[in-house]
Structures are given as structure tokens and as C-alpha cells.
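These are the structures, in C-alpha cells.
Here come two complexes built around chain A, the first alongside chain B, the second alongside chain C.
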Partner chain A sequence: MIAMNSRRYAFRATGIVLRSMWHRAEGRFSLLVLGVWILVSLVSVFWTPWSLWWTDGYHVWQKPSMRHLLGTDGTGADVLSWLMAGSRTNLLICVLTVAVTAIFGLLLLAAMLARATIFAQISVVVIDALISLPTVLIALILAVPFGPSVAVIIAACGFGYGLNLARIARPQALLIARSGYVESALSNGARASGVFLRHIVPNIMPVLTVQLSISAGTVVLAESGLTYLGIGVQSGVPSWGHSLATSVSFINIYPLTVLWPGLIITCIVLSLNLCGDTLRDCADPLSNVQLRNAQFNSGQERSGQVRSGQVSSGQARNDQLNRVTTKGSGQ
Partner chain B sequence: MSTSLNAHSGSLAKALTIRDLDVTIAGHSILSQVSLDIGTRARVGLIGASGSGKSMLSRSILSLLPAHAQAAGSIRLFNKELVGASDRELAEMRGRTVGMIFQNPASTLNPVMKVGRQIALPLRLHYNLPADERLRRVEAMLNRVGLPSSMLDAYPHQLSGGQQQRVAIATALVTSPRLIIADEPTTALDSITQLHILDLLVDLVDQAGASLLFITHDFGVLAHVTSSCYVMDHGRIIEHGNTSNVLAKPSSPVTRRLAQSAEELKFDNAHASLSQEGDNND
Partner chain C sequence: MLRRWDARQITQYQNSNDRENIMAENLNSGDARSTTTGTTGLVHDDQHVAEQSTGTAGSTDDSLNSYQKRHRRVPPWIWIVAAIAAVAIIVGGVFAYRHRNSTGSVAATSHSISIGLKLAPTNLDIRNETGAALDQVLIGNVYEGLVARDADNAVVPALAKSWTVSKDAKTYTFTLNAGERFSNGDALDSKDVAWSLNSLISNDYVNAQALANVESVSADGATTVVVKLKAPDATLLWNLTGRAGLVLDEDAQYDAKTQAVGSGPYLVQSFKQNESLTLKANPHYWGSHKAKTQTVVLRYLTDDNAAINALKSNNVQVLAPITENLSSSVSKDGNFVVKAGDDTDKFVLAFNGAGSKTSDKRVREAIRYAIDNKALISSRGGADAMLGGPIPALDPGYENLTKLYPFDQAKAKKLLSEAGYNASKPLKLDLEYANIYGTEIGDQLRSQLKTVGIELNVKVVEFSAWLQDVYTNKNYDLSLVDHNESHDFYTWANPDYYFNYDNKQVQDLYAKAVSSTTNSEYESYLRKAARLVSEDAPADWLFNYRVTTAYRKGVTGFPLNLNQFQLPLWNVQYRA
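So, the complex of A and B:
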């Protein structure tokens, strides 16, 4: 019953957050763009206007027409089809990089906060040094033994952005670690891991949201850069960076083919950043009144039952606990 | 009001026995040769000027001293030695055998955690109850501190200072610990709210049959809550005994000064005129 309740609550809270985002112009714009992105990625798995491997040596660098809505590239392949297929690669990279960034960044942050670990002493200097390594360099180092691949982009960017995340969230997390409510949690027997997950992470959520959305946007840019340098997506795998890289040397002659992936990337990066900003405001229970008022514990489903029922001591498992509850119900 | 001597504290069983406790931080002595006893079901006060080491003593009991602090001596909680106990034993004891109430309710509550979850935390940590059973206990506890069930879903900033301290008391008492430490629980509150909270605390502690270590810098409050007390100054216990005796015939100048300031506040008069009013006006 409670499990169902909490799932229903999570569902309702998500609905409220999305609705509040939709009520803002920038939120609506970003939700629309990201929605189209996800939709196109799914569609492209099953259908693209032309096969990716269909080429026509006689009709290269075509202008947009009814036959090829965005024209053709240097091999005569359909640009729209490649961009559609590319969106799923970029979506995958984006989602996985954000996941790696979040996990790595939070683990690092936890290690920096734990006063027992050596991380706590050496971390800041080391992390500052590591942050100064550009992701390009990390990707190069990884691409030498493993060859260029989607995994190299995710690993290099996830590592770099994770360091950044930990570094930026650290001062705020340190303040919270010294706060009264963490002291109170410790005095209630909470372990370090519980304190981190229940108290520190929820209270740095705004910073995390913004940083992760910036990471999501930056990795879309990084993908095109790394792929252009030949250490990103392998040739033959569709991605926006791939579309850009194969046409960019002809920018002076056939500018349109460069324009499309460029436009898409710009639009996506903008939406991701706007999405992060609106999400930060809308998912914050302290500033979003509707979310704050979403009832979980004393929702209508429960209250009648609780008020009518006495506190049951039958299923209690501990004498010490029993003592207090039976007293409570007797009052 | 049950401010009289605890009738049932005569037995030999001790909730807490501290012997020759020394705490040093970076070579500075914070506590020296502190000895203190709390009987079961007794309400004992610890009074001293601010900076005298009262909070450090309460932190020592929970083994939550600053990282580089060193403690020597003996702290026995229900006959279990805490100095040198393992992290596991200590975590087990915190929040289960000992409940702690802090000075500033606004900062002891997690701002983004609903009141219901906040109170449920110690239960979650120490008892493996089914979720609906846990919620029922949390709700009962919330009602016992005089707050309506609808506040389970409130965030701390939606509550007044007095209500926040009620939530903090509920959190400390929900696991029914046998010793409650209250570190200046009403210092951050106005004097009317202060009396309501003190009465509530005393009632709950007595009902649960728990012992109370009540820390304050205010003799007026101390006489209201405790029957015996210890006076601390510069990390030492300088005087102890029956609260009214210490208040009436302070033997050291420090105690005299504290007692004098309590006289001026005249809490008992204030309480007499307020006790008729409702209990939930904070």
C-alpha cells in the first residue's frame, strides 16, 4: 500500500514538475525540442526516408528538393536520413555521459567529504590539476589504445565533467556536512553514506541539475569536435558530428550541408541549458508551490484510515518501541 | 506539572555515569575531570555560561566530538562503556538509546525533507518496520507533540520556531530512547513558546520513563525542568546538588551570577499567568 502510494506520489510529482516547466516559455521550448529529439531517435531506428547506405554518385551535394528534403552529401547519401539516424547516437552519448558524470562526480564528492579518506587531504589540488586537462587530451589518450568510439567520448567527457561537478558542488556540500541537520542525523545513528544520500545530495540538487544539464549540452558539442578530430564516433556510424565532419571541408562551396547539423546542435545545446535552468526552479519543492503541496504522507487516501485506526502494537517487533506507541494511542 | 523530585529515581540503576572525563582539542583542554551521574527516570540539569563546555559534554556522550578531539575517562551508558566503543556500537546507540535535541530547531531540520520523513529517520535507521506501521508511529508521535497529522507533509520552513522544535522533539523521541539529551532546546525561542516546549518535553520524558539531561545557561528554565543539577565552568563541574538548593545557596561566584540573572527573569510568575492558555499557540 505504501509502495503503491510512493510510486503514485513519484508519478504525480513528475507530472507537476513537467507541467510547471510547460507553463514557462523557455521550459516549453526546451521540452518540445527534447521531445522531438527523442521521438526522431526512436523513429530512426525503424525508418529513415532513405537507407543510410543508399548512395548516388551522380547526384552529390544536391540542394534541398522534394526527393531529398535537406539535399545530399558528398557521396550522394540523403542528409536528412543521416541526421535522423545521428540523433539516436547523440541521444545515447548524451544520456550515458550525464549518467557517468553524475555517478563519477558524486562518488568523488563523497570521497572528498569523508574525512577518513586520503582523498579529503589531496583531492582539491589533484582535482584542480586534472580539471585543467582538456577533455580532448583525455579522449586522445583513450583513443590511442582503444581506437575512436562512442565509449571513448562518454568516458572522456564523463570523467572531465564529473571532476568539474565534484569541484563545483564541493563548497556547498561541505557547508551542508557541517550543518545542524547533518549533526542531528549523525546523533540519530546515521552512517556517512546515509547522510550523503539523504541530506547532502537533496540539498545540492539545484547545483547538480544545472551542472548536469550543462554537461549534456557540452557533450553534444564535444561529440562533433572529437569526431571531427577523428577520435570520436567511428566513420560509418551516423552522428551529427559525423555529418558535420564529412561536409565541413566543403563549407565554402556547399554551405547548406554544414548548416543543418550546425543548426541542430545549436538548438539542442540551447534547449538542454534552458531545460536545466527551468528544471532547477520547477523541481525545487521550496520554490515550486504546487510541488510543495503535493501530499504524500497525509494524502486523502490515507488520512481517513489513520484517524479511525488505533496505533497497532501487535506487529511491533520491539518492546522498547512498543512502550511509546501504546502510550501514544492512549493519550 | 511534574516539576517535583522524581519519586522513582531512588534505585541504584544509573542511566549515565561519567567519570573523570577529559577532552582536549589540539592541546587545549575543553573538559577536565568531569564526573556526572544520571539515574534512570531522573531529570538532571547541566548549567553553565556559554562557552563553558556543555555542548562538548553532550557531544562526548554521543562520541560526536570534532575530528581531532581526544577523550579520556569513562562514560557508561546503562552499564555499557562508550569511550573506545566501536563505530558500529556507537551508531547503534545514537538515536536508539540516546535521543538528542539541539538548540536551534531551524537548522536541525533538513530544509528539503518533509516533516514526516524527518521524524521517520531514526525509525528507519534502527528498526525494520513495514512502511505503513512506521508511518502510523510517526503520525502518533507528531500528534503527541501537539501537531496535526497534516504537518507530515509540511516542509520545515512552513513551520514556526516552536513547531519546528516540536518536530525535533518528535524526532528525538520517536524511537523511545531511554536517555534524552536536550542541549539548550529553548534558547532560540521566545519565552512563551519556551514554556510550552519545556512542559511538553517534561511530560513526554516522564511518560516514556526516560532520563533527561537538560543543558541550559538559564537557571529559571533549569528550576522549571530539573530537580538536581550540575554547574559547569571552563570545562569543569564546579558544583552539583539539588536544583533549588544550588539556586538558593550558590557556593561559587559563577553559580551566584547565573542564579542572579534567573531571579531577574522571574519565570515562575510568567508561567503561572500563562499556564491557562492553550498549549499550541506557538
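So, the complex of A and C:
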């Protein structure tokens, strides 16, 4: 019964968030682009206009035609097919990097909020030190023993962006960790890990959303950069970076072949960033009235159960609301 | 008097549409028929008159005669003359202009020319520093050998004007030209030659192994050098065209890393590592290849696009080599000439002779049948040549072997199934090659081999990694590298080379070829050996790379063939 209710709420909330995103121009744009991306990735698993294995040495660098809608590349392969197949590699990289970033970042965040002060302080210093390592350098170091691969990109970017995420989310998380409701939860015997997941993570969601969407956008750029440097995806694996890297040295003669992957990367990165922004606004009960009402209603339904998490979570939002209003009145 | 009047009348006649005037004319002519056309157009009237005057030629009538005279001034030949005169003036003017222009450009023959090259030498020490980039710029320009190569890779006289070979082919006697000098003014004689060759052998400088067969080198008088061999060596003369045959000045004191004292048409003015090498005409040059351009600047441009921009902006007048696929942006521009020259670069897709899968001859043959070399060449721009065996057209022993393993996917599939591979158990192979060759070629090979059921895993690595894995450790299935050296068939006769190719017959044939006493014998042994190698399919010779050069119109005398090995520049000129 409880599970069903919360699942129903989750569905409703998702629907509300998507709907409010759709009502914003930039939200609609990003949802459309991301939707097409996912669709094309799925289609490319089963079908591409030409086989990826197909090359034709007699027809290289062809201009767009009915035979090859976006022309052919330097091996005579179909550019459109490679871009379509590349979208699934990039989607995979994107999703996995976001996952790695989230997990790694939250682990670091937890370490920085540890109650053992020395441990927390050491992790702050270590993170500050590690954050100075450029992602490209990490990828280069990883590529030496493992060779270029998708995993290297995900590991290097996940590591780098996770550090960033933890560093940026720390001030807000710290504020919540020291709040009264967290202390009361702890004194009521709640476990630290439970407090972290139930109180701290939901309250830093806006920061997480934005940071993760930026990570998703940046990893698309990083993929093409690393592939260009020869430490990204392996030769023969379709990706936008691969399409870009193989054509970029011919930009003076065949600019169109460079244009397509460049355009796609720009569009995707833009919509990922816009998506993060609108998602933060729409998924925040403070600014989305519909969502707040839905939450309130579902909270009513569940009022019979004693769940400290829910209660204090609501309290946290009220705290936040107060903070926002005082800030607003101060200006 | 009459003339003047006529002229006035004509102008009047021509200029006026006035009826009265024309009436007067008609009256003057006394021709009644004309009056009927009185007010019609001038031309019309004139035609009538012309008819009439021809009709009444020889008339004694005064007025008629005068009319005739007056109108003889008008006929078309005046215009023809005028037209001819105009054309003559225009043509003359153009000729004069062009003449002036050409004399102007004779005066503008540039005293300097810049040439863009790709690979830069680390330093100029030709005895200790390896690398073709050094041979390319110094041999034939700054240093000269006893003999040299011509554009077709054949041996021609240089410091030695002639030579004789003893019957047993073990003694070579070279006769030097008279009056040879180094760029520092010192005379070059047979003692310098003997010292150069002997010190190369005794100090084991770069390329000393080329003279491994030499027993002694001695000076016999000022202009005769005698080279004695331990055994006949058909490769000796060609070897002497390279570093092994260079003659240096024993007495000269200079820093070999940044300076050079040779006997060639140029001397080194300055050397900036990885940037440029400036050559200046040698004032003490003794021979017939006197430098036509005073200063030649060789600029090292590693980035292809930057190199093309340098050519377009006239920072360099010549670019050698230019990436073929990139050259279309230059060749479209009417100011440039893009041409391919012959070369000895062999893109060798080697199959590890000791590999677990590639030691099976059927597998190797299947790969050769499965590769569409023509498509590979076409995708690169089409300038490269087909190559069916280890010896390219510019080397001795060449034979067209491209028909041994033509592109035949059915045969490839058949051989693979004979070797025990099929759709459920496909042949999986690794291809490792250096990233300097680009990813395209690997992608194409993977796609071509996929069609016959071979799964190729392409690893594009740093050149150092390739050297480690393939060249040193011989740990590979398939490897791709550009073997650019000329006369390098010996690699197939060496079982320890990374090919892991061990064929006793080939080794014997090569030994016989080297010890043969005549050129034709040498070539026929090599031809036989090359055919044997190709039939064994230890590699696929993907294509014979031909070097593409682009230069600004007005540049003459730049060598196109083999210009990445030796680049004689004495004949190069640039007229802006």
C-alpha cells in the first residue's frame, strides 16, 4: 500500500515536472532534442541507412546526395550512419559518466561531511588538491596502461566531475548537516548513512541537477576532444568525436563533413545545459506550485505513518523557503 | 582642291539626314532613279549609288566621275585598313607589353626561394645522426658522393667522372674530375676520398654497413681511387650514392652539428632546429651543377594545414610533400602546380610469419585476395601506384606482380573455409600500426576484410609503441608500416627481421644477387626472389606511395621523383 502510493506519487511528480518543462520554450527545445537523441540511438541499434562496415574507396568525401544524405567520409563510409551509431555511444558515455559522477561525488561529499573532523578535513584538502588535475591529464594517464577506450573517458570524466560536484555541493550540504532536524534525527538514533540519503541528498538536489547536467554536456565535449587526441574511443567505434576527428584535418576542403558532427555536438550540449536549468526550476517544489501541491497531497495520504525522514524533509524545505523569502526581502 | 571639297561633302553627306541635302546630291548625280529613294535611309541610298557607279564605270560624264571619285573614298576597305591598323596596334601593344613583362620577370628571377618540407633533421651531423631528413637536404646540395642518383634512381657520375670494374668485380677504380674543391676553398683529391670512406668504415658511422664488403680504399695519384672488395657486391655503386660515398674534408674544422663543409653547389648558411635550414650558393663550387638560385630556405612545416597555408600565402613557394587529399584546395587555384613523382615507399601490411593464425599460408593468401588495393589508392586521391611485391618500379629487379593476388573475395572466402574458419568461428586478427598513417586506412582494411569474414581489430598507436610491440618484440598478427627505403629487399632475406619471414630459397637467391658480377644478373636474381616472396604472401603491399609536390607557377627545376630521399636543388629557380 505504502509502496504503491509512493510509486504513484513518483509517476505523478515525473509527469508534472515534464509537463512544466514542456511549457517553457527552452525546456521544450531540450526535451525535443534529447528525445530525438534517445530515439535515434535506439533506432541505430537495429538500423542505419548503410552498414558501419561499408566503405567505398572510389567515392570518398562525397557531397550530400540522395544515396548518402550527409555525404561520405575519407573512407567512403556513410556519414549519417556513423553519426547515428555515434549517438548511442555518446548516450552511453553520457549516462554512465553522470552515474559515475553522481556516485563518486556523493561519496566524496559524504566523506567531507564525516563526523570524524580530521577525516573530513583531510578529505577537503585532498579534494582541493585533486581538483587541480585537468581531466585530459587524468585520461592521458589512464590511457597509458589501458589503451584508449570508452571506459577511460567515463572513468576520467566521472572522476574529475565527481570532485567538482562534491566541492560545489559541500557548503549547502554542510548547512543542512548542521541543521536542527538533522541533529534531532541523529539523536533519535538515525544512522548517518540514512540521514545523508534522506535529508542531505534531497536538499541539495537543485545543485546536483545542475552539476550533473553540466557534466553530461561537458562529457560530450570531452569525448570529442579526447578522441581527437587519440585517447578517446578506439578506432572503429562510432562516436561523434570519431566523426569529427577523422574529418577535421580536411576542414579547408570538405567543411560539410566537419559541420554535421559539430552541429550535433553543439545542439546536444546546449540542450543538456538547458535541460539542467529547467529541470532544476521545475523539479523544485519551491518554485513549482503544482509539484508542491502534489507533494502536499501525497504527504496528507501518508500522514498516518511516523516517518521522521518525511517530516524533517518537509521541515527542511520550509527552512529553505524561509531563507529564500528573507533573501528576497533583503534585496 | 577637289579632295578637300569631297571630304567636306562626304562629311555632310554622312552627317545629315536633311532632305534638301540629299536632294542636292541626287540632282548632282543627275540620276532620276535616286530621287525615288530620296528621303530613305542613307545606307539604302548609298547602295544604289554603289550599284550605279559600278554600272557606269568608265563613263565620261564629269559629274558622274566626280561622284564616283567622291564615293571611292567611302568604300569598306578604309575600314578594313583601319581595323587592321587597330588590330596591329593592339597586338603590337600586347606584344610590347608582354615583352616588357617577360624582360621584367627575367630581372625578377628571385635570388631566393623557400621550400616547405615535413621532416626536420635533429642536427646536421651526417656521420652520426640517422634519419632520411638529413640525406634529403645535404646529399647533392652540400655534400657530394663519388657517384649520385638520377631522377630514376640510377647511378650517375658525381665527384668521380668515370669508373671501371675489374673482371672479377672485386676492384672498382674511380677517376675524379679535375679541379674539385670544398666550399672552404680546399682542393678535393683522392686522399680525401680514401680518408672519408676509410674513416666511415673504421669509426662505424651511420651507413657504414653499406661498405661491409669493402676490403680497402686507397688513393692512387691525385685523381684515382681504388676500392677493393672482399667479394663481388652488386649493391656497392648504389650504396655509394648515399651517405657511404660522401667525401668530406679531412682538414676542415667545424661544428658538424650546425655547419657543413662539402663540395656541393650549396653551403649551409644557418640551421635552426625544427624551423629552417638556409643554404647559400657555394662560391668555390667546381662543377657543372652551379646553383641557379643564390639562397634556398628550407622550412620545416609539420602540420599539413599550416603547410598549405604557408604555400598559399607565399611563405614557401614549394611544398614537398603535400597530403594528396589536401592538395585539391591548392590545385583548384590557378597559381599552383600539383604533381606526383615516383617513389620507393612501400606500404607493407605484414603478416607475422610466426603468428599463430598468420603462419597458415591460406590465411595470408585469403587476406591478400580480400584487399581491394585499387579502392585504397583511389580513396587516397589516386596518385599512388599498385604494387604486387617487395620491389617497387624504381628499384632493380622490379616486375609487375599485381596479378598474383588480384582482388577476389570469393577466393578469399574459399581459402578461409579451407583453413577452418566460418561464420560461427570467424578469423579474428589484430592490426597494429602507428598513428602517423591516419585512421582511414585501418578503417578501410577492417571493412574490406569484414566482407570475407575476417574480424580485424585495429589498434592505432604511437610510433614508439609500434616499434616496441611489432618491430622489437615481433608480437603482432598484422602490422602496417611504410617501408620507404630504396634497395631494401634484404629485409625479406633476413629471417630475424620483424616479418618473421624465413625462406631459404629467397635468402640464397638474394646472396647470389648481391655477389653477381653484372647488373643484369643482379636484377634477374632479385626478380626471381621477389616473385617467390610475393607468392608466399608474407605481406600485402598495399600500394607504392608516390610523393606529391605542390609549387607556385614560376618555379622550375624542382625534382619530383624521390624528393624525400635526395633533393638536389641546384636547378631550382623561381620567377615571380
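Note that the second predicted complex is superposed on the first by the 291 of 331 C-alpha atoms of A that agree within 3 Å, B and C clash if a C-alpha of one lies under 4 Å from a C-alpha of the other, contacts with A are read in each partner's own complex, and residues count from 1 in each chain.
One rule holds for everything that comes next: a contact is a pair of C-beta atoms (placed from the backbone, for glycine too) under 8 Å apart; a residue touches a chain by one contact, two chains touch by 3 or more.
Because the structure is a prediction, the values reported are computed rather than measured.
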{"item": "More chain A residues in contact - chain B or chain C", "value": "B"}
{"item": "Partner chain(s) touched by A:Arg191 [first = chain B, second = chain C, both, neither]", "value": "first"}
{"item": "First, second, both or neither for A:Thr75, with chain B first and chain C second", "value": "second"}
{"item": "Touching partner for A:Thr266 - first (chain B), second (chain C), both, neither", "value": "neither"}
{"item": "First (chain B), second (chain C), both or neither touched by A:Leu286", "value": "first"}
{"item": "Which of chain B and chain C A:Pro202 touches, first, second, both or neither", "value": "first"}
{"item": "Touched partner set for A:Ser249, first chain B, second chain C, both or neither", "value": "second"}
{"item": "Partner chain(s) touched by A:Gly180 [first = chain B, second = chain C, both, neither]", "value": "first"}
{"item": "Footprint overlap on chain A, where chain B in one structure and chain C in the other make contact", "value": "none"}
{"item": "Residue ranges of chain C in contact with chain A within the complex", "value": "304-305, 308, 325-326, 328-329, 372, 374-379, 435, 439-440, 442-444, 446-448, 450-451, 457-460"}
{"item": "Residue numbers on chain A that touch chain B, as the complex places them", "value": "1-3, 6, 115, 179-181, 183-191, 194, 198-199, 202-203, 205, 284-286, 292-293, 295-299, 302-303, 306-307, 309, 311-312, 315-318, 320-321, 323-325, 327-329, 331"}
{"item": "In the complex, chain B residues that touch chain A", "value": "62, 64, 67, 91-96, 98-100, 102, 104, 107-114, 116-117, 121-122, 125-133, 135-141, 143-144, 149-150, 152-153, 155, 157-158, 168, 171-176, 178, 207-209"}
{"item": "Touch list for chain A against partner chain C, complex", "value": "53-58, 60-61, 74-77, 147, 230, 234-236, 245-246, 249-253"}
